[in-house]
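In what follows, subunit A forms one complex with subunit B and a second complex with subunit C.
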Partner chain A sequence: MMAYIVKRLLGAIPTIFILLTLTFALVHLAPGSPLDGDRPMTPEVRANLEAKYHMNEPLIQQYRRYLLNIAHLDFGTSFQYKNTSVNSLIAAGFPVSLTLGAAALALALALGIPLGMLAAVHQNHTADYGAMGLSLAGISVPNFVLGPLMVLVFAVYNDWLPAGGLDGWQSYVMPVLALAAMYVAYVTRLMRASTIEVLRSNYIRTARAKGLSGFRVFFVHVLPAALLPVVSFLGPAAAGILTGSVVVEQIFGIPGLGRFFVTGALNRDYTLVLGITLFYGIIIIGFNLLVDVIYGWLDPRVTY
Partner chain B sequence: MPERRLVSWIAASCVMLVVLVAGCSSDRSDFPNRIQPDIHADGTKVLRKGNGSEPGTLDPHQASGVPAAGILQDLYEGLVITGHKGGILPADAKTWEISADRKTYTFHLRDNARWSNGAPVTAGDYVFSFRRMVDPKTASPYADIHAPIVNATAIINGDKTPATLGVKALDKHTLQIRLDKPTPFFLQTLAHVSSDPVYPPAVKKWGDAFTQPAHSVSNGAYQLKQWRVNDKIVLVRNRQYWDNAHTRIDQVEYYPIDNSKSELSRYQAGGLDWTYSVPAADLDAIKANIPKQLHTVPTLGIAYFGMNVTRAPFKDNRKLRLALSMALNRQVIVDKILRGGQIPAYSWIPTAVQGYDSVRYQWADWSDKRRDAMARKLYQEAGYSDQHPLKAEFLYPTGGIGKTLSLVAAAMWRKVLGVEITPRNEEWKVFLQTTRNQFDTQIFWGGWIGDYEDPNTFFSILNSHAALNYTGYHSAVYDKAQAASEHVPNGPQRTALMHTAEAALLHDAPLMPIFFWTNHHLIKPYVKGFVPNPLDNYYSKDLDIVPAGTASQTSPPPANDKQENH
Partner chain C sequence: MISRKRDSLENAARGNSLGRDAWRRLKANRAAMASLVLLGLITLAVVVGPWLSPFNYYSQDYDAIWTAPSWASGHFFGTDAVGRDLFVRTLNGGRISLMVGIVTTFVSLIIGVTYGATSGYLGGRTDNLMMRIVDILYSLPFMFFVILLVVFFGRNLLLLFAAIGAVSWLDMARIVRGQTLSIKQQPYIEAARMAGAGTPGIIARHIVPNLLGLVVVYVTLTIPQVILFESFLSYLGLGVQPPATSWGALINDGTSEMSVAPWLLIIPSIFLAVTLFCFNFIGDGLRDALDPKDR
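Here is the complex of A and B:
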């Protein structure tokens, strides 16, 4: 297992390198410069700024300098937020995005897994239709509709939750719900399908024939096997939740990483975009590795 | 079975909607709007303002944009400030004298002007700050505003050192500023945030990080307490401020909310006292329900369509340019499309600029029929017809109202003249580059917001040397009159020069003025002291929060406003 993890971590280095190179090329290829603003600047001022950000050097040298700084975990200074390092922006935004994402993912699992199991056990009965109906609604209603609708109901018409901003745990309730809705739906459907499949398999029939209690059959034999597709979904789901929080952060005015990413791209903030891309890349690679390790632990057929 | 299944599915799908709609069961005509001033138990009054987008920096010499300016003028105070209704008021400088040749200004600082750490504000601090402002190393976007000061332009261009700037400390509290030429709007430029002083020891010690809350030292009515990027910026009362006794609001919180719909929700829910803007789509509902909280401010801003006069088809074709301009029904654009109280523009200087009466197109007052007929005549004289229509591209930046306006203009031009317009949008940064280069633009969307209250902030950008002159307009008459008007004292002679420039511009028509901007704010009734002004500049120190109870004792709320008090 340890050897596998080390191998995967070593394999991540070229991946990150390629990600960085591609992103670096793309942001520099995009027309428009981070230095362009509403007001044009004199050549002298422009030259000074270019020197400050080393933009007067050939691109290949800028690339080399950037890689060298990355090796020292220095993401550079943001263009948009003058005088602020990208490191400090990530340090400020990531805990918020992480809290939001982790809570949404936890909610997706906490609701989706029992709902899916319930639907599978009562296949083609009212509980099933109810759960599937809910999940259909969750998939169909995008968060940019659900978010403002919830704000209207819970904040504007009723004074139950804050309409936006970040003041205490109440501020997280609606964003987490808006972000989780789609993933609750996915997990429910995945869990239902896999549970139904496992329930029909031979070894479950054997277990029942041996006279095991229904409870034991379900929780010891069915559940671990049925969870496998959900676990493999966790990797892409975590990535999707982290990067997909942009809209939710915007609607609720939450100071997470997603907003930096979008405004950074629009403002051609080279360092900020590169820094966040790299950071996301590392997180996603890490999460995929974690999922694979859990997979091995849950499924005896998988060996490393 | 399939029907039962379908029915169940539909029923289940409705669960979520039912839950949501249940909350909305109250009458839809009801416009919830919570009136809850944020006053702490100890009496601390907090003003919560929506502030558009997140400022890039809180360094007065490097900042640009309205969101930063609003915060900075609470934090820092320059020699002078703009008054409630425009005009100039003393601030850090108690008095000043202007020499007979109007080239030397001597400012006397207040003895009791202090930084938030208790240190006195000295003339030396101002010398340091002005030099830093024009130093190309600072890379200030507004350095050119200070061009009237002796040697400023040479310093900005890197030809002289900042020490040669014509700003001198005569003693601890006396500051002398020398100008190259008399400049009638010089005091107005001193009210701009880029003229604010910074605390030299903090800048020297912390470098660019002096703007962080831990290091920030300011001389305005407030000081920086907290800055959470994309969440909020919190200012607290600066007890060292010379006029602190008159400050009523103890804490000001600025929230960067770039989505005006979200901002409105937060205002309605009681989380904001003041909005940065109002979504156009909600203006009708707001006017119907809380008209007294809606404030419409005509500002120093113009929206125009520019034409690239350096290339075909607009090069050397004044009649074509004028025909397009005349064929636009500005009244319809303002009344039917934008519906935000904007003012149709038939001149270059916004009506909100006080003390100047613009030259207007005389066809502004014609009937639509007569104007359209004249537009068609000019169009034909310019060499176009139904058989040979003008085909042109309209470039606008993505987002904002550019798209709507391009479609409306295209429809009007097609109807009146038969012009075929291809709208094209570009991301803001790309748009800036394209319009600046003048290579492949034809018609483009443009806007300008004045930096200070004088017509020159508009006239100067169309001088043929100006970097912001994206049309490529070059007129000897305009250039001469504009340049001369910068150095003549206010009075009939200066007005005549400006009229010459404006008349030349309207005649040559390198651009079509469309409308003058208005800004909208929603302000809760307990926020007192709001006076609209054309710069849309408000100092929090002039405002107060008076709880509803207190207010109702003196003046009961009007009957038609009862829905506001939930």
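Here is the complex of A and C:
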């Protein structure tokens, strides 16, 4: 087990390295410079600024400095919020985004798993069609449609929930729903397919044949095996939810990391956008790693 | 009498091709057929509609701000904050959304099929390396990369095609590789090799045509993903730039004005959701039709 974890950790290194190199290349291939502001500056000022941001050094040296800074988890200073480090912006925004994302992921699992099981057990009957129809709707209605429509109904026409901002638990209700809808749908479909497959397997027939109760067969023999595809979906789901929160935070005016990302992108705040991309990239790679380890631990067929 | 008998014998001998069987199963799937028809209608409206309307998507009319949808005024879907006709804008936006979806899926199709078929056919160490690269790319947060790209290199449609296309081939490559692994064990591949066909020839002539069924399914499932992706970027204001528009951009405009003019949000949302719904239904139907064992 330990050897497996170490092997996976080593495997993540090239991924992180490529992430860093790609982003660095992007920044340096881009036309123009972040110093091209609205006000023209004298050559001396420009030279001083370039020296401050180390833009006058050879590329390879900049790359080394960049890697070193990231290794120290130092993402630099924001261009847009003067004198504020990207680190402090991340520290301010991430807890909010994390709460939102974790709640959405939990909701997706709490709704999707039972719905998928229900559909599988009643395959090709009313409950199945209902659950599948619901999940197709969930996949087809994106969060930036569902979010504003919910605001229209629950905040504009009826004053039931706050339309935006962050003020008590009520303000999390609509964002979490908007963010989770698509993942409820995916988890339902996955869970249905895998449950149907497991229900048809030989060892389930054996379990039934030796006279175990339906309840015991389902929860002890079917469920753990059927959950495996959902576990391996957790990695992509977490990545998707983090990305989705970019839009959802924008809709509901939630001061999370996603909102910083969008305003940074619109204002060409290079360091901020870069910092958040790297931060999220590293989190996603780490989460995938964690999911792989959990999967290996759950599935007896995986050998280390 | 004799000729009739021979007729039926010939029919029996001809049997049903795989494609015809699949088509028969698809036709029996009412939801998929309804989606196919609906999607055809939307495509037709999007292509032809803007020419039939007396309005265009960019002219502003300050005498007709926030007109509610009505037959009488000629603005079937109403107008926006500067008096532009939403009917024409929705259809024009649909042109861009569908075009992005189809062109980009085509880009990802070419990359994915070539990469996956090559990797699967060559096998061994090359396959290992090529799939390792896909694994690595898979775990990068691509949405953020596309946004970075758009921020650094400016916003234009071509870049959008290339960026989204470069991102969405990964699934296709994996699926195609898996299928290629099983196809290359077939006797006809061996026969082709014995007959002296080269590796590129075998991949292009014998492997890729036999992947088509699978590829068709994934194309119908990739198009809605790409449309969604483009709408997402346009919603954030990073995609199509005004006065040109797409469904995502229209929904973004509609969101900011929904309390005074809810139709600006609701109508483009319906178009986007119905289109995505249709593609997903058709994709699911095709998968069931081509691979009935999973039903």
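Methods note: the second predicted complex is superposed on the first by the 287 of 304 C-alpha atoms of A that agree within 3 Å, B and C clash if a C-alpha of one lies under 4 Å from a C-alpha of the other, contacts with A are read in each partner's own complex, and residues count from 1 in each chain.
FYI, a contact is a pair of C-beta atoms (placed from the backbone, for glycine too) under 8 Å apart; a residue touches a chain by one contact, two chains touch by 3 or more.
These numbers come from a predicted model, not from an experiment.
In the superposition on chain A, A:V156 makes contact with both subunit B and subunit C. Once chain A of one complex is fitted onto chain A of the other, the partner contacts of A:R259 are limited to subunit B, with no touch recorded for subunit C.
Look at A:L19: by the touch rule set out above, it reaches subunit C but stays clear of subunit B.
In the superposition on chain A, contact is made by A:L242 with subunit C only, not with subunit B.
Comparing subunit B with subunit C, more residues of subunit A are touched by B. Contact with subunit C, but none with subunit B, is seen for A:P142 once the two complexes are overlaid on the shared chain. Looking at the shared chain after the overlay, A:I70 reaches neither subunit B nor subunit C.
Contacts of A:R268 after superposition on the shared chain: both subunit B and subunit C are touched.
With both structures placed on the common chain, the touch criterion links A:Q250 to subunit B and to subunit C. Shared contact residues on subunit A (touching subunit B in one structure, subunit C in the other): 31, 136-137, 140-141, 148-149, 151-152, 156, 250-251, 266, 268.
On subunit A, the positions that touch subunit B within their shared complex are 31-34, 36-45, 47-49, 52, 80-84, 89, 92-93, 124, 126, 129-134, 136-138, 140-141, 148-159, 162-166, 250-256, 259-260, 263, 266-268. In the complex of the two chains, the subunit B residues touching subunit A come out as 5, 8-17, 20, 23-24, 26, 32, 34, 53-54, 56-57, 59, 62, 64-65, 136-137, 139-144, 156-158, 208-209, 211, 228-232, 255-259, 261-262, 265-266, 268-271, 427-430, 432-433, 436, 467-468. Interface residues of subunit A, counted against subunit C in their complex, comprise 14-15, 18-19, 22-23, 26-27, 29-31, 136-137, 139-142, 144-145, 148-149, 151-152, 156, 193, 235, 239, 242-243, 246-247, 250-251, 261-262, 265-266, 268, 270, 273-274, 276-277, 280-281, 284-285, 288. Of all residues in subunit C, only 136-137, 139-141, 143-145, 147-154, 224, 228, 231-232, 235-238, 248, 251-252, 254-255, 258-259, 262, 265-266, 269, 272-274, 276-277, 280-281, 284, 294 touch subunit A in the complex they form.
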